[in-house]
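The following pair of complexes shares a single chain, chain A, combined with chain B in the former and chain C in the latter.
Then we have the complex of A and B:
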């Protein structure tokens, strides 16, 4: 067997395969729709276009990556969306109200979000409360804090600060993409270290992990702090993108990032990787784009065809549900792998040798 | 029987035992906490203790208890129904749109039939997808619920749709003796049905079994998938019924008007002692949880705090409530 087919086969068995298939479908659809709609077949590949798309969606993609990290240890946080707004609010208000430099605002925002993440970790891991309802309660708390810091949308970021984020390096490489890649590399690094193994061990079965000498509470806290860091980066990206503050934005990112992770092939605990999050979030974004182009094309071709954005949203959401349906087929290989893995465990590794 | 043995049988001779059994009964804790919070509310604002206040408390508790019934059954069966809020809103829109200020038996029947059908279809979709996709129920029902909400937007173009008939509205908010809201009549019809389903019917026993141990239920001959799908269908229909009542309470309906009930119902059910892991829970607990959530929200209103403080306090209190008795087992055990 040559190495290419072997590596393809290997890839089919990884959790990210589901997300990859969906992502590819969405990407092709988006490229086609946009090409048809604009008349230039390769409109998608214009740096200005994909640059702005990555820039506007980087916060969502980063949030989903953070969510996927939590899912690996068997937790999830639906207040993650409003946490972006918290970072955004502090980034804006610290320089504006206290007269401190902008980097101080960023540091304060990052610190605040790490604190929130630690508190979430304390509630969900240390006190062992259901993560979903803790997230629900945290949404209220953070919303209240956000509005008491900033009562209404306001503030601005100096041009020399946000412009670098919105440019393309060498005219082709968006800075937002670099941020995402940097976070992803960080994940790859962590995955290779003992912490990476511990994350999966705790997510897979906390009791077994505990018996093996890993402290589930400690590992889940570490995952929460890492999540807090990534969300902090996402919040700063959001601030640079909007160049203003809004205390109540992005709340729906919490639930959306969770759906995106599952679409990308994550399971609840010990299954999946950050790549799943990236693929899932990208699928989300690309489908919405593709549907938008599809409808604007229809309204061009058919005279008198006009539909509200409500229809577009409906079609996108139906496609998302179909995406979940597709995972039945695409995840078959992985579920088989998972079962074989379990089998190997029971056999004490003998089965692996004979195969 | 000696005097000492006789005394053993009377619970209040053993305050410590009594306390333990009290703490092990989430409905009791929830009722007690409701009473406590109610007392605090009255102490803060003695003038607030009037017929109007108590009437609205009963009304909102009844509405929440009815809308949480389906959620209770689904959670006991080991699932989770996130579409309660969306189905309620959709049913409310169907009700107000169909009634359009008119009252007649025919229209009531139409509303009931259409809404229940809608609820059943949504429940069927939920159940089918949960069983067939094999993904977490939370995610699947969330995706379905999003679609229901989008459909509402498409249907109403985002503006309020119609008005409920006046007589129907009166049948919800009229106060007997100037105190008890007439929605209680619906509850008197509805609540026994839920109790019958969960405690007396064969299906109810099967739901507990499936929630407790799916494998064991399958091996004893329970059609597990069918039971799971049916819990979602029942939940959808019950949510739709709650939505109709909600339409009477609000008199008009707009998109996602009851969206928050997705979470409020969940919190009420969990606070009432039903667990996420399935197989455990009672509807009495859910009613207690609904009362607690309503009293809590009243207390927060009475405090007269700014919205930001209310939000923060609300979140903190939910966490405290969860800490009280909804902790999962320690890993070490």
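Then we have the complex of A and C:
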């Protein structure tokens, strides 16, 4: 019992705790709303449902995991969304136009995205250009490249290739979940290597990491390449889900993944982990689902009630905003800052607030 | 043995090192001494690989080497505990101690069991009392300093550099540290110990190297120096053997008491400070940097909250909760940190000058352009600020004129008490004299002025009385005949009569 209490205490101190709280709230809301709406209380737990939800959202969750890796080293990349489209476009076009096997397309796509990530790393860590600007510029460059490779949405993936991705192993385990878990295990492995410590050190304070004998540029480059790999996997998942190509899709994942990371409890540099990304992205997805079910329930019980998706988005965005507020309250340091801020407003001076 | 020969380093026009040299013998503790800005930290950073010198050479056992990075230095067995700490606040104690030096399993993973053991041993050895899983940011500064040193020692260096490592430590921690350092010395390590506390030099060190103005002025075995010598080589001034007492009788003064501070405390930075300032007086606050001067001023202004003592302003007991209240009541603060605390660099000169007036008047009053311009023009004329046009951005002015602008901003509002925190930092001599003139004129008109300065000559020149701060307390008050450089130096070092005599005895005994 003691060890359990200790583990809970330990978990409460970690940055992922905030994301976990939000995730749990959203999960409960989703289960309730879906149950009420469909009339079956446990509708959420139907394999067909959670399987398709995971499959659809795996690219977004993976992108957020990749983004969280960059945030740890003090960078972020808003072009990460359009990079998914790049992977998708190459996956489709290499077999279609060059007649090469499908795996060659995947390999080429992965290689291209690693190259893009290396270029992003060179600009942001080696040349020290602001990550925001580099991401913005890369969005347009990659969009241009995508459209020049594939001028309009097209292409297809053979059934025998995409079907396995969309199935449930043993009728209960979605393949998409396995992909997410595999990437997460990879992260846990990295975290336990010296590189894991160095990622945090560089994000926390590059100067001090340098003084400790760590090369910030090298570490940030490695983080970028890892990010490139994860986004590559996400892009392949996207291709298998859509079974076609679209050069301009998923652009908004860039900003959304960043927001999901912050919701999950990450800071800008040296604070948070990939679990924050997973929780944040899941919160995002579950809230949108819950709001959808809420409104469809309303339209069922109130005759003539119809709401456009804009209103649904408004409600889910307000909930996201509330989520951000929750991150302030659950994260210890931020809670302290908030307290001090309020204290200053009402009492003035540099307050000493006990934690 | 490590030798650094004729090392020079300049940052733009500022010459931090002008041919400094140091020899660090193995199995000895070498004290690196000098006053603020003498180049000690820069010299340490050169050896740590964080600063590349403009010229000069480094020899390890007679072989010339080039140290390009922190990694390079570590590879050569040089390890540093930095004054401004190189810890990562958002990482745990354990991660910080092992950073860049993690024990690994054959599979390249961090060996957790071994890590735990190493960290436990280190923490036991340094008597650090906290959990290895605590985040560094949650620890008191003395524990952080101990961690910084433990981290440096963990790398098993041949040369250990300690840059003012004891500044934040408590007495018991210093005792632990000194025992460890003596141990390491006996094992044959070269240790460089940078400190401002002279008694530590005699207690711990074998050799001393003294820097002044970026040059090595003297080196040799510690036993060859007296305290008097050390201070002389550091400052170029002989120390008074009998420093003035704690209290100088307050002579009768004309003018009303504008500010009466009694036993003001703001731990750990300000402890039990009392001071009185009358209308028309210029009061100086002296001391080495960071002895609580800035905090004292900000506590008066309400920017920091005192925990004890009382402040009377214009005869009334006050406790301002924020600077805005103090400003409305008739105080002004001028900071030497222009860019951080005083300037709006991209706004116009006129707006910058008017900012003080804007702060005291009603918020929604109408401000005709003409009025603002007239106010600023008058200030520019009165305080002889050299400008192109009032509409230019304030950042176009030279440092000295920027500072005059900030001073004009406050004096033009006519406060009863003006606080100046090292106002002439980085200001050329001509502007400095002009600023002094402005302050004198203002005092004559009945303003009380309290000015702190890192340059003691400046205080001796302008102030009628000087309160010298040492470790948060007033170590002495100088006025009239007692206002000499020698007295000031000894008070800055924290020496009152007994302390100075005791140490002199000690150093002489050591010599004998």
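By definition in this document, the second predicted complex is superposed on the first by the 331 of 355 C-alpha atoms of A that agree within 3 Å, B and C clash if a C-alpha of one lies under 4 Å from a C-alpha of the other, contacts with A are read in each partner's own complex, and residues count from 1 in each chain.
Keep in mind that, in the parts below, contacts are C-beta pairs under 8 Å (C-beta built on N, C-alpha and C of every residue); 3 or more make two chains touch, one makes a residue touch a chain.
Note that this is a predicted model, so its numbers are computed, not measured.
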- Message: Contact-wise, after the overlay, does A:9 reach chain B, chain C, both or neither (first, second, both, neither)?
- Response: neither
- Message: If we overlay the two complexes on their shared chain A, which of chain B and chain C does A:218 touch? Say first, second, both or neither.
- Response: neither
- Message: On the A-aligned overlay, A:300 touches which partner chain: chain B = first, chain C = second, or both, or neither?
- Response: neither
- Would you check which partner chain A:156 touches, where first means chain B only, second means chain C only, and both and neither mean what they say? neither
- For A:308, decide between first (touching chain B), second (touching chain C), both and neither. first
- Message: In the overlaid three-chain picture, which partner chain does A:210 touch, first (chain B) or second (chain C), both, or neither?
- Response: both
- Item | Touching partner for A:46 - first (chain B), second (chain C), both, neither | neither
- Message: In the superposed model, which partner reaches more residues of chain A, chain B or chain C?
- Response: B
- Message: Output the chain A positions appearing in both contact lists, the one against chain B and the one against chain C.
- Response: 207, 210
- Query: In the complex formed with chain A, which residues of chain C make contact?
  - Reply: 48, 50, 69-71, 74, 80, 82, 85-91, 95, 98-102, 104, 108-110, 112, 133, 137, 302-305, 320-322, 325
- Item | Residues of chain A touching chain B in the complex | 123, 127-130, 132-134, 136-145, 147-148, 206-207, 210, 216, 255, 258-259, 262, 268, 308, 310-311, 313-314, 317-318, 320-321, 324-325, 327-328
- Item | In the complex with chain A, residue positions of chain B that touch it | 129, 132-136, 138-140, 142-144, 146-147, 150-151, 153-154, 157-158, 263, 266-267, 270, 276, 307-316, 318-319, 322-323, 326-332
- Okay, in this complex, where on chain A does chain C touch? 10, 189, 192-194, 196-198, 200-201, 204-205, 207-215, 267, 270-271, 333, 344, 347-352
